[in-house]
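Chain nomenclature is as follows: A, B and C, assigned in order of appearance, with residue numbering initiated at 1 for each chain independently.
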Amino acid sequence: MTSILSPTTTAALNPANPTELRQAAYIAQQAADVRVNVELETDSGMTINLGPQHPATHGTLRIIARLDGEQVISCEPSMGYMHRGYEKLTEVRTYPQITTLVNRIDWLSSFANEVPFILAAEQLMGIEAPPRAQWLRTLLFEMARIANVALFLGDMGVQLGAVTPVFYAFRDREHVLNQIESATGGRFHPNYDRIGGLKEDLPKGWIAETRTVIEKVVNFCNQMDDLLVGNEIFGARCRGVGVIPAERALDYGLSGANARASGIDWDLRRDSESPLVWNKLDWKVWTHPDGDSFARYWVRLQEVRESCKMITQLLDGLPAGPIMAKVPRIIKVPAGEAWVSTENPLGEMGYYVVSQGGLGPFRVKIRSASFNNISIVPWVTKGVFVPDIITILASLYFILGDIDR
Amino acid sequence: MADLATTENAPDAACASLLALFRAEMGAAVVGAEIQRHEIIVRVHRDAWVEAATVAKRKLGLTYFCFISGMDWLDNPTQTSRYENVWGSVEEEVEGTEDGEPTAEGEPEAAAKLDPAPAAAPEAEAAANPAPASEAAPEPDPASEPVGFRTGVAGGDSRFQVMMRVVSPTAHRGLTIKADLDDTDPRVATLSGVYAGADWHERETWEMFGFWFDGHPNLIHIYLPHGFEGYPLRKDFPLLAREVKPWPGLTNVEPISGQAEEEVGAT
Amino acid sequence: MSTILHPIMGFVLAYWQQQVIKLAAILVAIPVGGLLLGYVFLMKMMAHMQSRLGPMEPGGFHGWFQNIGDAVKFIQKEDIIPAQADKWVFSLAPYVVVMSTFLLYLVIPVGPDLVVSNLSVGVFYALAVGSIGVLGVLMAGWSSANKYSLMGSLRAAGQLIAYELPLVLAVIGVVIQSGTMSMQGIVTAQQKFHIFGLNLGGMPFIVTQFPLFIIFMIAAQAELTQPPFDMPVAESELVTGYMTEYSGFRFLSFFLGEMGSAFALSAIAATLFLGGWYLPMPQSWINNNFADYIGPVILLTKVMFMAFLIFWIRFTYPRFREDQLQAIAWKYLIPISLLWIMVTAILKVAF
């Protein structure tokens, strides 16, 4: 990659014309990329670029892999192609505006991104949403989890070459998205959370519809159990591939299902003092001792089932009452610092909010799960084969927006 | 490692014991400490940065690495944290006249006046009407903070702070460690030898804040293109969109008097 | 050939006229066969299995026109040759692949008299020309000046060579049992073959050669580079491998070659193991050329059934890794086929 202002490209050009400079730099960069693709070094291995446009990276992640034959010598992810600077942008927005931004971090489960930020703001303001709002938040949080992880369950198949599961995933995820849309008005980016509660109450008939949708999701999980978990080739491709021991996982900050697949019995839904109502529900944290790609798939599959169980209980026990606490018309958050993290579909997502008492935060540190989850890739892909890179990446499960923020 | 497993019922006690252990291990290196709800926030001397991480991991069992990031406490007048209401008026205060209550809103503006570096936002000159003091909670420790900075929980006495957070996956208690860095040469030792995951986070912090992590194996850009100049998350880094068109963009809305006191009823 | 046209046209065709008709039939058969498989299985069956509609509008009935429209689209697309590519090799590679498919069709009998060339070493010939396609794949991968293509073609070479062996060994059992390598001879042998005194007017070799049939189908799947053996074109790893840089008609040629090979290998499997164009029928039908009219229909039915199996597996399974693929070929398929050949030979001598 050539710098836009590197001296080699600017020497012969008119320095007064920035457009010309930029064009020359662009051409030089293209030429460099072409060279990277053509040269076939053999003495120290071949460099292959997986990405930034590559079907396995679902987004613009670039993996620079040095290969010896099909074996990986080193593998370094290179990201930033989608960096949107949310941490900077939050500094020039008000609290209600920021939920719109953070919606876009992990775009498959947008609602789950809003919740920890709103909770952090509420914690600083010292207000608490009414019970119905908390139940609905939990409910939609779990639906967002299904919308996210269900896609993973199918996508893992397509990364390994089985095309069918991903269509089933899209099919059944569609119903979940429909429910999210009818409740929040937003299919992908609900922006439904407000400080002190929620935007509005559920529409009529939503609960009954959601029950049928959950049945479909359970059915989908069983299908995935048959299609992939019970499949010998899937097992051969996933078992023993990308093994991450528990202490390594913690060292790199792996969270969520990736950590639980390494046998770490830790789920923020159960183990943190969240105002959301997970502790009032009957569910189980699944772990797997193996720490390989199969374990990660299996744990996520069980988590979708647990989410379905949770949603059923949440629908049964949904309390009546207001969905909005008393909050000032203009949200001004008192000075202070708050760290709130929740167990998002991809792992621990947290916001470190520093307020100085104005309309917007002084600083927000967004701790997204995928960034840490992917940081283990150079370590875990050493010595594997090229197809295993894909398996490992797929099983670690990242969303580009969640890496790049 | 402390016995932290039986802490479900008494979270604050667990935090307190954890903090006590940390203090005992670190001694005088702990500059400031505070427990907020279930969060422990400590500030250590920057020379004890690696030691603090090592103690946290090896002695306290905080094996889960959460993040490393930075803070820039410089005041920036274009930030929304400076704004009092939606119509863009920044409360203007004569410096040094903190009559009666040191409100949360009052001070950053005073700080802006003292601060020589950043250009004042257009609103700073334009707006005049000081909004009535809201129901903001008193800030953590107003007395100890230096002029020009807000120092956050557990204090601070320099512009830059590096912070990290580690968690115990068994006791489910987290510890946020901060360290003050030098204003002109922010520099601290790397943690990548203690927590492997710190590698990428330090690269990110370096490119966003310009903190140098001594001993880091591969301190190169992670998000931004190679050759990018400047450190975007520093408060004096200009955000072009705000330079071109100041927040909130739409300025022809008339303010309603007494807006701040109005509250919407719950539905 | 000339005999079946005799009652219709009233005269016997000259040799060159027969050859022209045969050539035309082959030239029509491959695109039609490829399109048929592509339409029936790749579009409609896959769409239903994957719980989606697939193209429904073009042409009216279930979007039958879609495939033809696709072909037209491919033909009119720009033919892009990368700047760094080896131009000639790059241009020729798809045609080598298609040629290998064309040559396969020459020896498949579709009726007692309907065969382009009744070679005495028909099976041997079919397997030999089938592996020419590897050459085209290697050419495509090497000349594309793309690392994905190169890796894809090397994988393809390794895979196709490894699976050529079980394919050949699976055929040997049938050849031993029928005593001939001629495809027409193998069909004739199945008309007369019976075991345990059950003379039902012939019996397909699948009854005795079932293990070799399974091995043949697995190896055929690998030869076609279809899942679970599609590493050379693995789109999630190598972005369709050796086909990455191709566009327009050349890409269509690869597609046609793949579908045509699927059709041809299904036909070979149907001929070797299911009795080809023959079903238990009166000998008079064969004598008076009636079998020449129903033979193609019978064979097509069998081919569609075999292709259904191939595509069913294709849409269900994930793909293997390259080393696992080699392990399957060398550790399981080849020993089992050798064992079964031995059993066949012993039984052949004993009975």
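For this structure, a couple of remarks:
The rule is simple: a contact is a pair of C-beta atoms (placed from the backbone, for glycine too) under 8 Å apart; a residue touches a chain by one contact, two chains touch by 3 or more.
Predicted, not measured: the structure shown is a model, and the values here were computed from it.
Ranking every chain by how far its Cα centroid lies from the centroid of chain A, the top place goes to C.
Distances from each chain's CA mean to the overall CA mean are smallest for chain A.
Taking the mean of the C-alpha atoms as each chain's centre, chain A and chain C sit 44 Å apart. Centre to centre, using the average C-alpha position, chain B and chain C are separated by 67 Å.
Chain geometry summary: the mean Cα position of chain A and that of chain B are 25 Å apart. Contact with two or more other chains is made by no residue of chain B.
Chain contact summary for the complex, chain C toward chain A: residues 46, 49-52, 83-84, 145-148, 150-151, 227-228, 230-231, 234-239, 315-324.
Touching chain C in their complex are the following residues of chain A: 34, 37-38, 40, 46, 48, 54-56, 70, 157-164, 167-168, 171, 227-228, 231, 233-234, 236-237, 385-390.
Listed in rising order, the residues of chain A touching chain B in the complex are 1, 3-6, 79-80, 83, 85, 87-89, 91-94, 123, 126, 130, 197, 201, 247-248, 250-253, 255, 259, 264, 266, 271-273, 322-330, 332, 334-339, 341, 348, 350, 352, 354-363, 365, 367, 371-372, 375-376, 379, 404. Residues 11, 36-39, 41, 63-67, 69, 71-72, 76, 78-86, 103-105, 107-108, 134-137, 139-140, 150, 152-153, 163, 165, 169-170, 172, 174, 176, 195-197, 199-201, 204, 208, 221-227, 232-233, 235, 237, 239, 241-242, 247, 259-267 of chain B are the ones touching chain A in the complex.
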